[in-house]
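Chain naming follows the written order as A, B and C, and within any one chain the residues start at number 1.
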């Protein structure tokens, strides 16, 4: 990891030398700053990963190197099933909430009344502020009232529910920034509504869509309290399992599993980026791999006149 | 659009593949079919080999789910949508579940192995006659300390915690009944005190303890004490066993004024669909050999007298974790005092925490 | 035509709002009217205005303010420097990735790292500062909170900076503005929307933080989030918990209204 971080620093310097216009600030200091930020961000993860090799069995004193905990991960079928469930829920919920969130963001930009738009946005943010325990408990009551059986479906619905607002927040600024004449022109040229959506709007807001998807993924993977309340019938996710193991003490098997997940995501992210960068170079279109922008809610009001 | 659609399709396909693999593993791993038993327990609180053994012997597939606190478990069951057959709550939670009609009475004729349980641990205030519950593990509350740092103090009395030389050395658990209980027991009152005057007195006494308290924490207390972040901690014996397993410098003692005794118990909630299988499971877990195996895995104290013969002498001979009747007679079980009283305890506890901050 | 288009997009979103936002809010408002014995009362609201809860609320706002401020101070330069790297999108994803690791595990890692015998103290004594009490202090609480929230601050600022037209900066420099002047007069004003949405994304959830108040601060810091958690799970006093939640939702609405209109005004003036 450290090697990677150093690379970030050297890249800054190389871009600087290519672009003298970007200011003559001390490049080494800038590189050092980024290196420090990355070290701090990754320190706890390295710490967990380091002790996942500890034969001593605790995160206290390192006694010797072992792969025992990694072996245990694969022997524990229950844990593997939980992991697969967690990932499936994260991907499904992120994809579905992205669809609803994009529709919501488009709907909000179509609303003409300033008050109504403001109200929609405030409602949108309620779930972001509410403490998880309250969301979880109220969803539980809601599902019980609806007679929904707790399990995969209830967890999925809840994850979609609390991921929608962040997608809206990520997509909205992109839509605000888009010129409405673009749509009128397309319409005048005889494009159908579907054409406008698929050929004009979506390509333009694609970076926001990807950003929303990634944030939704983050929300889903991170959640404990909401999932706890709405899960049932043998279905469980990794967070619920980790928290419920705390009373007995969390074993290094969990460290090993988390390290593995982290490495896989790292490889996937870098691989996806490399692949994308190559295809982009071929067809010359730069934007699709971007994580997008999150200008935020302020934009909506800002664009009003 | 093409790119977005592509990404969407890849994500959905990956998710379906994951669900497929997971349900394949699920079905190949157990005996799929209607004859399932859903067990709701703390995480990592049963030897998984025993679960497999039970599945092999009875042909019943066990679905295992976990919770992280009694309160969260209660909320979950109370609001429906679940179908747990076996739950393992602590003593005071059983009080509540009983009061709210959430438990199925046990058929003792189907649990012959109940006879192996030590009579000291049967017929307790939270469930007289063991109508609804069978003890699973038990323990005490006491003081764990590092003899190297506390120099000669042995904590045979709760009052030793107030010693001036222990500034910022004590860790407490984040639980109102336990912490207020320390104040109560050191003043000679009952742990189930409901007299507000006595409770105020205990609160005042605790505020004097504030300078010695380093932090009020949760399950991480085990990690903190094993890492020697603090010299003294007030903990449950089960946690003490885990801590001492990691750091053998530490010692555990139950102060002589008395203390709290706790039980985790097996019950059948009214949400159960397989009451027959639940009885089979309870009887299976009470089998002395199985109970001994489970005890070695979990490392808490077993209430199963017959199981002790299958356990090594160094475990069963340790009076800190298997104290004799002279000590256990002096211990008190926490009783559910009702929502209002619990609220009062918590309000006092909150004031203590806020007071600590100013101190 | 326009109207029908809007309706079509609004439907799934409106359904979501009705089911998962309005219904829970109604539920919370309803519960807040009941005391612990289930009697209809306004006592919970009276109780909220007692010194215990008011001082807790004041402290929560103060900590949320500190967390937001430090997040901004760290995030702005980071985002700025990130936009200057060659593979900036990749680095951005790498900034977000640590937040995919389970929070409890990361908290345990911080407990180990900040501990008396942990690597941080080892480093401190190696450079001659000596061992310090880091865990269970307000410093460690704010540090870890900033750690948790930093991606939410970096992302919007990064995007605002990325959107910035580089020729504006070049023009300012050509006209003789110093680096600091360019930043103060050109770059920062143009990225203020990103800063604002980052601040909102951090401040609002920071108000209801719990968990790490116990794990990292050892209950030395007590926030409204801790109290809600406590009332919902331990005392089972859902009424009081809901009352605090009602105040959080109102506070959120106020913050949105205040920061939103402020920015609107500024943009009009421009």
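Quick note on the criterion: a residue touches a chain if its C-beta (ideal position, glycine included) is under 8 Å from a C-beta of that chain, and two chains touch if they have at least 3 such contacts.
These numbers were taken from a predicted model, which means no experiment stands behind them.
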Most extensive contact between chains (C-beta pair count): A-C
Farthest chain relative to subunit C (centres taken as mean CA coordinates): B
Separation of subunit A from subunit B, taking each centre as the mean of its C-alpha atoms, in whole Å: 35
Distance from the mean Cα position of subunit C to that of subunit A, given in whole angstrom: 16
Sites on subunit C at which at least two other chains make contact: 108, 112, 232-233
Multi-chain contact residues (two or more partners), subunit A: 59-60, 99, 137, 141, 242-243, 246
Multi-partner residues of subunit B (at least 2 other chains): 72, 75, 218, 220, 223, 227
Subunit A to subunit C touching residues, read off their complex: 4, 8, 11-12, 14-16, 21-25, 30, 33-34, 37-38, 40-45, 47-48, 51, 59-60, 99-101, 103-104, 106-108, 110-111, 118, 120-131, 133-135, 137-139, 141-142, 161-162, 164, 168-169, 173, 177, 193, 211, 214-215, 217-218, 221-222, 224, 238-239, 242-243, 246, 250, 254-255, 258, 261-262, 265-266, 269-270, 273, 277, 289-299, 301-302, 304-305
Complex contact set, residues of subunit B against subunit A: 1, 3-4, 7-8, 11-12, 14-16, 18-19, 21-22, 25-26, 29, 38, 42-45, 48, 63-68, 72, 75-76, 79-83, 218-220, 222-223, 226-227, 242, 246-247, 298
Touching residues (chain side subunit C, partner subunit A) in the complex: 2, 5-6, 9-14, 16-17, 19-25, 27-28, 74, 77-78, 81-82, 84-87, 89-106, 108-110, 112-113, 119, 147, 150-151, 155-156, 158-160, 162-163, 166, 169-170, 173, 179, 182, 193-194, 196-198, 200-201, 204-205, 207-208, 210, 225, 228-229, 232-233, 238, 241-242, 245, 248-249, 252-253, 256-257, 259-261, 263-264, 267-268
Residue numbers on subunit A that touch subunit B, as the complex places them: 57-60, 76-78, 80-81, 84-85, 87-88, 91-92, 94-95, 98-99, 137, 140-141, 143-144, 148-150, 152, 154, 198-199, 202-203, 206, 209-210, 213, 228-229, 231-234, 236, 240-249, 251, 288
Parts of subunit C lying in touch with subunit B, wherever the complex brings them together: 36-37, 52, 55-56, 107-108, 111-112, 115-118, 133, 135-136, 214-215, 217-222, 227, 230, 232-237
